[in-house]
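Going in written order, the chains are labelled A, B, C and D, and every chain counts its residues from 1.
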Amino acid sequence: MKPFMLASREYKPKDTIIEINSSAKKVFLGEGYCTLIAGPCAVEGAEEYLDLARILAGLGVHILRAGVFKPRTSPYTFKGLGREGMEIVDQARLITGLPVITEILDVRDLEQLYDRVDILQVGSRNMQNFALLEELGQIKRPVMLKRGLSATIEEWLLAAEYILNGGNDQIILCERGIRTFEPYTRNTVDIGAVALLKQLSHLPIIVDPSHATGRWKMVAPVARAAIAAGADGIMVEVHQDPDKALSDGKQSLTPENFAGLRDQIIKLAELDKKII
Amino acid sequence: MKPFMLASREYKPKDTIIEINSSAKKVFLGEGYCTLIAGPCAVEGAEEYLDLARILAGLGVHILRAGVFKPRTSPYTFKGLGREGMEIVDQARLITGLPVITEILDVRDLEQLYDRVDILQVGSRNMQNFALLEELGQIKRPVMLKRGLSATIEEWLLAAEYILNGGNDQIILCERGIRTFEPYTRNTVDIGAVALLKQLSHLPIIVDPSHATGRWKMVAPVARAAIAAGADGIMVEVHQDPDKALSDGKQSLTPENFAGLRDQIIKLAELDKKII
Amino acid sequence: MKPFMLASREYKPKDTIIEINSSAKKVFLGEGYCTLIAGPCAVEGAEEYLDLARILAGLGVHILRAGVFKPRTSPYTFKGLGREGMEIVDQARLITGLPVITEILDVRDLEQLYDRVDILQVGSRNMQNFALLEELGQIKRPVMLKRGLSATIEEWLLAAEYILNGGNDQIILCERGIRTFEPYTRNTVDIGAVALLKQLSHLPIIVDPSHATGRWKMVAPVARAAIAAGADGIMVEVHQDPDKALSDGKQSLTPENFAGLRDQIIKLAELDKKII
Amino acid sequence: MKPFMLASREYKPKDTIIEINSSAKKVFLGEGYCTLIAGPCAVEGAEEYLDLARILAGLGVHILRAGVFKPRTSPYTFKGLGREGMEIVDQARLITGLPVITEILDVRDLEQLYDRVDILQVGSRNMQNFALLEELGQIKRPVMLKRGLSATIEEWLLAAEYILNGGNDQIILCERGIRTFEPYTRNTVDIGAVALLKQLSHLPIIVDPSHATGRWKMVAPVARAAIAAGADGIMVEVHQDPDKALSDGKQSLTPENFAGLRDQIIKLAELDKKII
């Protein structure tokens, strides 16, 4: 028997489809759909964010990245706008009608985020923050679980198992690259993980080619590869002016480049008759 | 300039010596001392734990391992006795007079642990749990910060920087092995990290050869190597009956084996004129 | 300046296209083409190999895998048919008219292989066998250079540089997975390497999804991902009866499964207007 | 059964002791001895090398490093003096009476090296150069087999098995660090490998702290750790003027620093009653 049970395909042969209906626009995520999540690494200011949100909505993005609490390796770097950033996110959600995804870092923030966020993201550094996972198991809200920096597939599914075991089965897995010895790229995308997870588990799996590569020129080819490998969507960083981004500018696409990528993804999705 | 500042030797050339005086026996940890931390992986029951605590105190152990909240990869395995385990730890601390070290998993547990624990341990999975690090920066209690599974030296020191930046400079670093491709051992001890940290930082560094190897026969040679490389102490798992341990039995020493290791460590410490 | 020069796109902005014309059928490999290389891990016997070669030729394969010298981790496992295997390969090449690719392990085998092999393969274990690379720099024959088990992109391009520096510019790079900590798969495909190499270098790049994953069910999705990421072709293991293969059966496709994969690859190639 | 047999302790419970008697001074390597190998990364010129050789002989070094064929990642860097370097090595061997160790890169060099070299070294890049291993199995000369960059313990012992299987049982294993994600150091010393190999195999094991760390300030603590973990010796790079070394200067000790290290190693060897 595999150490993970509720997350396994043996336990639930049918694919889990996440239906996000807490926002104005209903969105589906899972087998048969190709879902586009996009936005800046972090919400940096009201004007820029609302402007970008409108642009992305116009480009067919399904879910908005809305980072307000940013986990940062150094205590001295920009950590997001925090609670006041949430008010900007509220507006973007209202204006565009799109669901938003926000990372939760502290279990004590859950209450304030619960009704204002459509998907709660667990970042790679918190993949085994079991106190957080257990709380997220108690709620009725989709959770995106990013893979830990060096987590095995089994450990990742066991982290999902913590949430499933609590009663919440609305989980989206997100491959965001693993740490290797390669200095050229920020991380190494494990494209095989997408293929493997589709066999081992019923949970949806998306790929974040921005964090995974750290280089915007690699984002499009890796995003294409993700969809071709069977991923249910991609999460991409977009910024109007990447050079001025307070975090992760090097890996952000401009809206124009994102539009080009979207066109390519649409063609790949059509090959597999996926709804996009 | 290095991205870590308060943790750097440039900032503070003099070695930080941790003085633990919240328990009956005063203990020092840092350059010039060789400190022995030992105990079972987890507190499993009152009788066994108190018995072992007495044995270890008799063998010259300076600090007792007192795991009551255990982070476990799977939600279905023994996670420690939790709050009731703390009562057993209270007794062991009273009986032996030794300071105790306990891992904290949830920032909400801090209040109950604060007065009953002499060193708070941050496990490798939580090395970048910034919400927890920030809280630990606010307290006046030594913190042992284990290295993340695949953390670079810089990331590790930046995690320490979070605590230092909050105002708490009582930090002990603990090398517990990194993840590599090797299937024979649980992790790969980075002995060079000990040497490097002594140059880069003023913080004390100890090694956990039990978690780092996962095989009890490797514990003694790796513990010896740690001290020879300049580590300020070791943290070792000891269990009266390793085969019956609820967790990590394979890597636990019997008290007899631990006594043998202690004798070897004493000789190495004497070579370097360290107080043990 | 980058440490690799002749391999860089700065040095030669135009893509290198390999033209294989030493066999009956002319084959191209490089930007704008999508080349299929297939065959068993090792030539095991005349009848089976010739039969498979005919089947693969009928399925539109462009180049035949023709392993006769197999590098094996253990001295006690099947190491290929060696020189007598070459006679079977000669026949397959004659019958199908297809070019063949064979791994060279020993610099002393070069003379006998030179006129009977259309592409010489350097395996991952020999990526930094500089004596071999230098000899291959002296010949007029395409060389497929597999990435070393844990080679960085730069080291890989520098290995190519050894061959280029000798005067041979007919080099095909082959990503075959890198070693990581993941036990589920044999190796971890670095799909980002494909995207990165297309930017850094003019050399063609293909992907070997069989060795990279070690699991036949993952071969098709990873092969698709490779083409979507921009790879110029794939090299796939095919065996009539994978369960009976003397080596690497677990990662081999049946001819039927390969035919299905080919159909999918054709559609992806058409999206990018690549000749297949 | 383990996949390696001849290399296993089950097959040969008694430690293998290598007796080097092809030079003027007889040297032993294996359990019970602590053997010092030292010299520059590469022989760069007659005067400097002979001068250093005399100094090292005076400092009690047992075996001289005598690199004349240097494997270099880039084709454009200094690759050693080659055949003419061997004449300088001949002199050093004559003058000091010490045995010399030289890396062999090309199987075709074996004949010229055989009578002039006391230990043939297989570098990490060639650990799985099976053509070379098979030839070295046929000779009566000790072979030092360095661990491959990312080789598992099992693969390393299987590489030794190739040599043992040919009939040559004079093998010394050399841990030289594995590749990890850490950018501070060149490689990561796997000190646990020393402890593990002493249990799994009867072959002697030494550690190369110079290549393993890439930083001379780390060489002494790591060398100490190696001996404390049970290694049978160390191989250290020494250069009169590290800043001017044509290769690997950053990791070279001056003769003065080496003398200090030697004194520390002697004390550690005495603790274990090893002959040094």
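Convention: a residue touches a chain if its C-beta (ideal position, glycine included) is under 8 Å from a C-beta of that chain, and two chains touch if they have at least 3 such contacts.
These numbers come from a predicted model, not from an experiment.
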Chain B-chain D contact: same residues or different, taking over half shared as same? same
Centroid distance [mean C-alpha coordinates] between chain D and chain B, Å: 35
Whole-Å distance, chain B centre to chain C centre, using C-alpha means? 49
Hunt down the residues of chain C that sit against at least two other chains at once, touch-wise. 150, 179-181, 183
Graph shape for the chains shown, where an edge means the two chains touch. Line, ring, star, complete, or other? complete
Given the complex, residues on chain D that touch chain A span 179-181, 183
Going by the contact rule set out above, which residues of chain D touch chain B in the complex? 150, 152-154, 177-178, 180-185, 188-192, 194-196, 198-199, 212-213, 215, 217-218, 221-222, 224-230, 267-268, 271
In the complex of these two chains, what residues of chain C are touching chain D? 3-4, 71-76, 105-108, 125-126, 128-131, 148-150, 155, 158, 161-162, 165, 179
